[in-house]
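Take a look at the structures listed below.
Below are two complexes that have chain A in common, paired first with chain B and then with chain C.
Moving on, here comes the complex of A and B:
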């Protein structure tokens, strides 16, 4: 018996990998694989889209429009993030339970505020945006709040985790000197987590730029709005111009956040005046600039948000959602549930297919994308083609992750027929770049000695991959796959908006037809999916450990 | 390090508070101003065609109306049909150029709104079904098993009525096509997608099609019309019920008269709408649309 158990443990990861692969293959059966998947005219359309990629429209007025849209996108992201930080800070501290003294109070405050954080981050920012637009109208605040809420939820949770994980000794020392709860928090907890908190916030800031671009699809201006307009007029050359603006914006933020993180990690070793001043000054200027821009703009009337008129509309809207004055709310009708659950299953399949495709694509490309592979330090073998290959793969990664899923979906829908596959491909295209980048960093951080050993024993690249690299990095790879899968699950509804299958398209139709109780039903299904995803990935991660 | 970070956070807080304060002042200032000067009369239009053309045509209408009525008139573009209807419901759009279906939706949400004017052609509007030449599609029945694209899901001539006439012909759009039907979003996109071969066939507004042919925007060697629907009521100007309250008694009448007295002297406008005048219409004209929408479960 004990032998059985230990052998099971040994094969645990292997079995799990098999299981996950089997689930992926099952998801593939949801599609009838034949030539019918393409539009008859899909290929010519694809060529036109590609042509636009190589001949983007760089005429001055398009560039000016792009610049303005990029600034709007950045300003919304900055303003949204600054609110998110405030929200995360307050709720995160409450959710960590560091301010409460009795055990019962701590537990209940933890459960309650963690629940709040969980709820706010489980709903995608675009859906928040749409809810806010319906409630308060097309105001920039709708976009900013829609960004702040889910990002605050994510940041707050991480913040609470960090506070809970601080080493206990310094805190004890403070307490024994008679510090109050608040004093322990300010002088004990906070200084210990600052660096990590800021570096994680910077990482999220990069994501918020993409979200801010997507946000404009509800009609709030910015790069997403311009991309949508150009796509509607089938002007692919302009579409790519705006996409390039987005990529540059994401890259700039990426570079900035990398430098901030570097400063933070280096400071741990080095004392004295730091170059961090520049960054923080810049951050402050950016925040002020964004808020000034937003508050001075048209329609930006914070007081009016709470006007009687808006309260009335919000009441009407939420009343509609819960089915006030509706004889047969959709969420109480069995037949509506069964068709919605069918779509839910489809959406689940789409998300699994998406992460499967992304994993395969990242798997194929990740080895040349690792810096220590490119400079030969990992295998002690240098080839002339290593660096160019590294560059190409990294550029593809950047390209893939800088373009939001929704934009990928809008383009792919011209090539494939509406259905699950285009949605899955769009999600995969965006996530493979992220997965590849994260994985490459895992490989860069690994111990090179066993690999060098293998390489010097004459192992081929494939052999090195399977016997050297994979066994070491697999658990972390798996963690990232599951983490991305959770994110994909949240995004499935969004790619559905443009006709890429699943719950999203029904959601869009229900919105267009003002069928509020139907929307509630679809939101419930979507929440079920997010909960399933959280639970499944949490338990799988535990199994890997 | 602890110190400067605390300073930053503090500064951030102070500045964001300061920003809020500023905003509030400005808000009340603005309110005072709007009381003194006149409120802007906002017009909208369903984004059923090329955004640039729409902007040009509707801005011409706004300019004409402000000259004629003395009010400040502005065109507000919308991303999609539903956004315009929502804006109308919220009273942020005072008058809109709706399609048949969107006007019915809007009047369901704003019961006292009034569809008051249309083009002569809107009393007998048609949709055209188009396909590639040589596709072998000649009747609606031939569409079985072929890929198909509608326009926007909220469009009367791009979705609602084509869907109705398809089901009259025994085609269920949800199951009988090759894959699910696509929603292109606008009439211009529909013929472009059929021309490029992305979809075998599609349905769109006859007026947009005629302009596209006339201006050579579509290659008639590649795309042809194979079916024109029977007539139905479609586009109209709908006035919001809040206009007299906001702009003073008689404002509704003034704007309505201005729209109804447009002639070919306003060439920018009549060219854009492809008409020579606007004539009166009434809410009852759209009962058939409402009935069809209910049958197709688009309105409950």
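Moving on, here comes the complex of A and C:
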């Protein structure tokens, strides 16, 4: 018996890998693999799109348009994030329970506010955008609130986790000096989490740029809007111009956030204007600039948002969602549920396929993408092609992650017929770059000594991979796979919007035909999926530990 | 004189699950005494200090701090004027500048707005600088605390304690993670400050040598019970050997 247990222990990671692979293969059976998957003109279109990549339209006219659209995308992202930070700060502190004194108060405050954060982040920003547009019309505020709510939920949850994880000794010491709860917060908790909080917020800011770009899909301006228009006109050369703008924007934010992180980790106090102050000043200017731009726009009157007409719309919309004046709300009809649940299963399959594709693509490319592999420091083997290969893979990663899933989906839908496969491919295209980058960083952070030891013992490259690298990095690889799968689950509904299968298409149809109670039903199914994803990935993570 | 008694324990007891941590302990400590608390690991030293610090509730017995039962101190700010705690070097907030960590000793006296404002422009700076001078770190006031060495951080903790200025100082293994030279340095400084200010101190130590060198009285605990309680000059090597013996032979 004990032998059985220990052999299970020995192989449990292997078994888990087999299990996950089996689930992925099962998901592939949801598709009928034949030529019918492609549009009649799919392959030629793909070639045209590909050609546009190498001949983007750089005429001054388009460049100006791109610049303007990039600024709108940035401004919405900055304004949305500034609200998200406020929301996350207040609710995050409440959800951490650090301000409460009794155990009962702490527990109830934690459960309630964590619930609020969970709800707001489980719904994708594009759905929030759609809901806000339906409720208040095409206003920049719809985009800003739609960004602020889910991003605030994500930031707030991480913030609360950080506050709960601070070392207890300094806090106890502060309390013994007679400090009050609020004083303990500003002298203890906040300084302890500050650096991590800022780096995480910067990382999320990069994501919010992409989210802001796809806000255009519901009719709000920005880079995504231009991409969509050019796609509709079949001007693929212009599409890539705007995509390049988006990539540059994401890269600039990436560079900025890396420099901020570097300053935070170095923590050397310098006299005069340190780079930390420079960044703060820049952030403040950016926030002010964005808000001035948005509030001075013609469509952006905050008071008009609360006009009688809009209030009437909003009332009708939210009343419709809960089924006011509806004899048979969809969420109370069994047949509606069964068809919705079928779509839910399809969406689940799509997400599993997507993470499976992304994992395979990242697995093939990750080894040359690690810096310590490229310069040969990990294995003490240097080849002339290491650096060029590193560069190529990293550029592909940047491309992959800078372009939002929705934009990938909009292009892919020209090639494939609507269904689960194009959705899964679009999700995979975006996520494989992220996964590859995260994995490469794991390899770069590895302790090189055991690997060199293996190399000096005469192990070949493949042997080093299986005996040295994989056992060390696999648990963290798996953590990232699961984490990205959770994110993919939240995004499935969005790629569905453009006809890429699953719950998304139904959601779009229900929105278009004003079938409010069906929207509620679909949102419920979607939330079930998100909860399943959270639960499954949490328990798998525990199993690997 | 009863007015001289700073701490009085009347048969105090504390259990963890089934394990006895403190078993019916009684003693009293007068103002101005420096007491070393020694004994093998698990003897109840930390439990006793935490009880006096008000971090644990006792099951039996009563604990008087300055002739008032510890349970009658309702406000943390009042209690902070009576009892201050110093531990190993984990007491400080690493990312804050040294001066803010020292000024944290004033938080009991400050309102929320003043403490918030002080993070921008340090308030009552003079007191903090004076304390830092006393512990030999006058030029480190604006350094980030986590960049200081272990010994320096422990001195910052002492400076905070000086600013807080409680009547009783509880030191829980204050030099546990320091090398012997630094440990000597810190203990000499700590006992000097306590004598200057006529404070009362109890320090738990794992080193008998330090206990004999710096403290006027030694209380030894074993299995949660009082093993001996003597002026330092009356503590013999035989008693100490008994205290640290692993098992009674017999």
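Criterion: the second predicted complex is superposed on the first by the 536 of 545 C-alpha atoms of A that agree within 3 Å, B and C clash if a C-alpha of one lies under 4 Å from a C-alpha of the other, contacts with A are read in each partner's own complex, and residues count from 1 in each chain.
Keep this in mind: contacts are C-beta pairs under 8 Å (C-beta built on N, C-alpha and C of every residue); 3 or more make two chains touch, one makes a residue touch a chain.
Every value quoted in this text rests on a predicted model; they were computed, and no experiment measured them.
The superposed arrangement places chain B and chain C next to each other on chain A without a clash. In the superposed pair of complexes, A:450 makes contact with neither chain B nor chain C.
Contacts of A:309 after superposition on the shared chain: chain B is touched, whereas chain C is not. Touch criterion not met for A:376: it reaches neither chain B nor chain C. Once the two complexes are laid over each other on the shared chain, residue contacts for A:182 go to chain C alone; chain B is not touched.
When both complexes are overlaid on chain A, the residue A:191 reaches chain B and chain C alike.
When the two structures are aligned on the shared chain, A:169 is found in touch with chain C, with no touch to chain B. Taking chain B and chain C in turn and counting the residues of chain A each one touches, the greater count comes from B. For the pair chain B and chain C, the minimum alpha-carbon spacing after aligning on chain A is 5 Å. On chain A, the surface patch touched by chain B in one complex and by chain C in the other comprises residues 191, 194, 267.
Interface residues of chain A facing chain C in the complex, by the touch rule stated above, are 167, 169-170, 172-180, 182-183, 186-188, 191-192, 194-195, 267-269. On the side of chain A, the complex with chain B involves touching residues 36, 39-42, 44-45, 48, 82, 85-86, 133-134, 137-138, 191, 194, 198, 217-219, 225, 228-229, 232-234, 267, 274, 276-277, 280, 283-284, 287-288, 291-292, 295-296, 300-304, 309, 313, 413-415, 417-419, 499, 508-509, 511-515. Remark: chain C residues 53, 55, 76-81, 83-85, 87, 90-97, 100, 104-105, 107-108, 110, 112, 115-116, 119, 142-144, 146-147, 157, 160, 164 touch chain A in the complex.
Those residues of chain B that touch chain A in the complex are listed here as 1-2, 4-5, 8, 11-13, 15-16, 19-20, 22-24, 26-28, 30, 47, 50-52, 78-83, 85-87, 89-92, 105, 108-109, 147, 152-154, 178-183, 185-186, 188-189, 192-193, 196-200, 298-300.
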